[in-house]
């Protein structure tokens, strides 16, 4: 641990990288909300500095093997110290670079996308808030600090999903996202507290160097690992907390690209990678993670197969790919998981940004209408989309191919062949749904007959001044990301070297992987692509997927396996109309009722006493009669010696 | 006469109870006095029975006094009722609560 | 046997009397009750008392009642008959009283023996009273006088009150 | 008993160290009260300025005390001790320690911002501010007093103006609420009095001095076990301990805004502080004996408040129930019998006070403009009054325990401390975090989001000047959220010695 030193250049760079977005956020919120360009400039400048710093760090520390940790005391309590610090190691640096790069690109892209929105400054403020929280999360040196920024990231996600707060569905989606991830976070917090109670200071490096016979008994360790994984499930939208992510697509498209595909949801997987040695201590927990990753991947893929909303398809795809990463990590493929995280961030952001261009132009999310509207005429977005979809489907030479192969190789070495089979099924489904969208967009049924003009009530936005003026900010991020997607796959070797080093044996040995695996995977991808083309692409295709021919499956998939119904039932019936009503009524009736009964009793007693003093002769007579009777009773009892 | 003393007392007791009931429950001043008369009546019966039981004229003499007291009570009581009625316009005993 | 018939008459007519809404009816029923009592006195060996009872009680006192009731000529229907908060405790205590009284009577030895016959003739009775209770008789007569004066002053006092009120 | 008398005589000496800052605070309140009373009713503006001036002075004094307190030395500082009724052992004994300092600061802040929040008041201004000063005088007195008798007196002084404040200037069902609240709180006070007399008699020391009474061995274990629940329930009613909480939503909803602020922000803290200062200080063994029950009530109250709040339709009711939930966290911290628990509880008292004050302040602005607190009738306010909604949302986020805002630290530390002792109860309480997020967000969504409501289109937002109190509160929330050590360091000067002094 290195204490803070102002003169340390690396350290200053780190501080600069994380703090500038915060400064931008505060400045925008406090002062420049009225001036849009200034706000955007501040935010962009901050993220650019941040990105520059992260590149600098990456270059500087490329060959440094030992993780660097800077830490200072933030809060010291009696027996508990909460440090604040930065942990620089390969995985955090890699993630930092990804985050800042995509933040930068998306913010540039948003210049055009969000132009003219009344909340333009607010948007950039929130984006800066997110950038700050995310970079700090990535560099956190202790689990508690990570949790703090984890929450803040969730907050910025909430704010950005509900950015168009006048739209009911958007606010609803934001609320749902926040509450569902919150449920995961509470589990995370519990796991964190469990670690804190047993270990003391949950510095990440310390946690990772725990051995299984160390401070925590293995049962508690498994339990803690599962609880912390609960946070990952919430944040990365894994089964069963997955349904918030498709709804989160109500936010602006750049937000979806940044938060809900490339970076924020990947934070869950990042946490997994971050604490990989800790999790690896418990084989039981790893088995459960593998299962959850697999279930999420398959479920989300099937949902993606029937969705009509372009952003929702990519949202499901995100869930499924995150599940895929978790599978890889849980199977022991540390590098495979992180590598897929990297490539996925690139091509998924690209997919969203391309979709954003279409949505911005035609103001609809429906893929069929976009196809009819003539999406194929926007050349650069279409090419970029093809590249990204290729990467998603795992076609060479795009980056996705390489990372998927790595994960499959890890799965092949796992305990049971069923995981590999599931992974291969996932590859097929992914290729299918990715190209389904592509085919629908590119080969509309009547593309030849209606070359231009308004179609189906949808007018392609006039290529007027606004469109032209903003097109450059739209296009450049696309091009950069497309090149990244093309090239990143070939950096597998150096990255592996960077992440793992020579001496570390964290992962399975790639040398002995089965030779047939890449070919099988490639074949399955191509089969998926072919099926998609046969159903949607070729002339005279029925434009009906094989799933949609089976009503039961279509219902099941498009209703998200009825998960939402379950949650609605749970929240509405059990929480809202069950406990909440019970407790509210308990307050009104039982507690207040008894209090009021007491007060009414007092009043009645007073009234009764007043009544006795009413001066009415008959009551006095009554009393004297009663006394007489009782006296006679008494004497009789006394004289006869009992009845 | 061959009735036992116990039966005479029972009759007197029932009559007394009816008088008490009338006094306590009727919300009418005249009926209250009426109930008192019934009670006095019951007492008189008991006295006469007792006189027979102990073979003494003392009990009968007491009934004479009861009669006199009853006459007094009724005359003063009814005068009071008429007075109260003129003041409050009602026979209801709850309306006579000036001392409250 | 006549005793039981008379006793039944007394109880029944008294019960009728105390439940009448109309006061005139109540007084008439009570009259029957008093006549029954007079018969009872005669049976129990008190002929003079029986005669006095008819004359004074049934004759004078009840007529006084009737006189007052008719003089006021009120519409009796406005009365609340037997309000619950009055009759319920009365009934409860009455039941206890009845039970205790019956128990006392039944458990006292000698009450089940038939009473001996004895007739106090008016002459004997008068001699007894004026020999033993002459002072009491004088006191009672004084009381009657006071009651007379009191009733008269009450009847007059109303007028004085009103004048005071008006003045 | 000559020994006792000597002891009593020794403690009965005037002892004042330096300038009497604590008395200065109280005297400032009294002077403010008198000046307000002397001013004629019609000069409303001057009354407000006078109120602001005097309350600002108390705030400055509180801030000064907070920073002038010597953390390295710890213990009681700024001691002022004057015998008052020597024959009974009653003293005017003021001092602050690490537990009361945060509350003092809190009171100062809420007092000042409360005055500013009521700047728009037009009706019976003079009486309002006079009663308001009287109430806060009691609060200040209770926080600084170290004499059991004076604590009781100040407690009642702070409660009785509440009845008038609610019944005269309140809104929803105000007479009912005022009556209910008063009855509840005085019922608590009726439990305190016998408890106090019980301890006074059984100590045999002829003193009400807390520092003397809290010496170990003063009371037997059985006495402590008996007296603790009396104080716990008596003060707990004011702290909104379940199931004695139903006065709080009703009272909060009916009270005028600044009274709600003081009420939820500070008065509920009086309850928790009383539990700490009297019940826990004097009956530590009773505390350990009853702590399991306390933890159960607190944990249940946390989840109960959150769930019951879910169904409320009145903005202030929602906040009232969230207060119940948050005060449950304080109770949970107090029940852990540990340094961390006390730290977290006191921190949470402070943080919750600021947060609730901000919430009520924001609601106050909204109510002043729209004249409704029904959530169903609002909606879309974010467009019309972005600044007001910003403050509300900020406070709501703090209530949800978002890091970076003060409440997070209180909750975190309490939960960590409680988890060690009561794992199951803590898990139940943690579930409430999800529910409270749900209901806070629901309120935010229904009130501020959605299409703009044309009914409210003409309403004005918070102007800069009227935003000052909210700005102060939000700033405090952020300051202690980002740098909690500022407060924790102070609290620890009291909690660590106190726990070390406990017989285990």
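For clarity, chains are labelled A, B, C and D in written order, and residue numbers in each chain start from 1.
Note that a residue touches a chain if its C-beta (ideal position, glycine included) is under 8 Å from a C-beta of that chain, and two chains touch if they have at least 3 such contacts.
Predicted model, so just to flag it, every value in this text is computed and none were measured.
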| item | value |
| --- | --- |
| Centroid comparison with chain A (C-alpha atoms), farthest chain | C |
| Chain closest to the middle [Cα centroid of all protein chains] | D |
| Which of A-B and B-C has more C-beta contact pairs | B-C |
| Chain B-chain C separation of Cα centroids, rounded to whole Å | 5 |
| Centre-of-Cα separation between chain D and chain C, whole angstrom | 75 |
| Gap in Å, rounded to a whole number, between the CA centres of chain B and chain A | 94 |
| Intercentroid distance (Cα basis), chain D paired with chain A, Å | 38 |
| Residues of chain D engaged with two or more neighbouring chains | none |
| Shared interface positions of chain C, touching two or more other chains | 86, 90, 97, 101 |
| Junction residues of chain B - those touching two or more other chains | 20, 24-25, 27 |
| Touching pairs among all chains present in the structure | A-B, A-C, A-D, B-C |
| Residues of chain B touching chain C in the complex | 1-11, 13-15, 17-22, 24-28, 30-31, 33-35, 37-38, 41, 44-45, 48-49, 51-53, 55, 57-58, 60-61, 63-65, 67-76, 78-83, 85-87, 90-92 |
| Complex contacts: residues of chain C adjacent to chain B | 3-4, 7, 10-11, 14-15, 17-18, 23, 26-27, 30, 33-34, 37, 40-41, 43-46, 48-49, 52-53, 56-57, 60-61, 64-65, 68-69, 71-72, 74, 76, 78-83, 86-87, 90-91, 94, 97-98, 101-102, 105-106, 108, 110-118, 120, 124-125, 128-129, 132-133, 136, 140-141, 143-144, 146-148, 150-151, 154-155, 157-158, 161 |
| Interfacial residue positions of chain B with respect to chain A in the complex | 20, 23-25, 27, 32, 93-94, 96-100 |
| Chain A residues touching chain B - in the complex, by the definition given at the top | 613-618, 621-622, 625 |
| Complex contact set, residues of chain D against chain A | 180, 183-184, 243, 246, 249, 304, 307-308, 310-312, 339-340, 343, 380, 382-383, 397, 400-404, 408-409, 412-413, 415-416, 419-420, 426-427, 430-431, 433-435, 437-438, 441-442, 445, 448-452, 484-485, 488, 492, 495-496 |
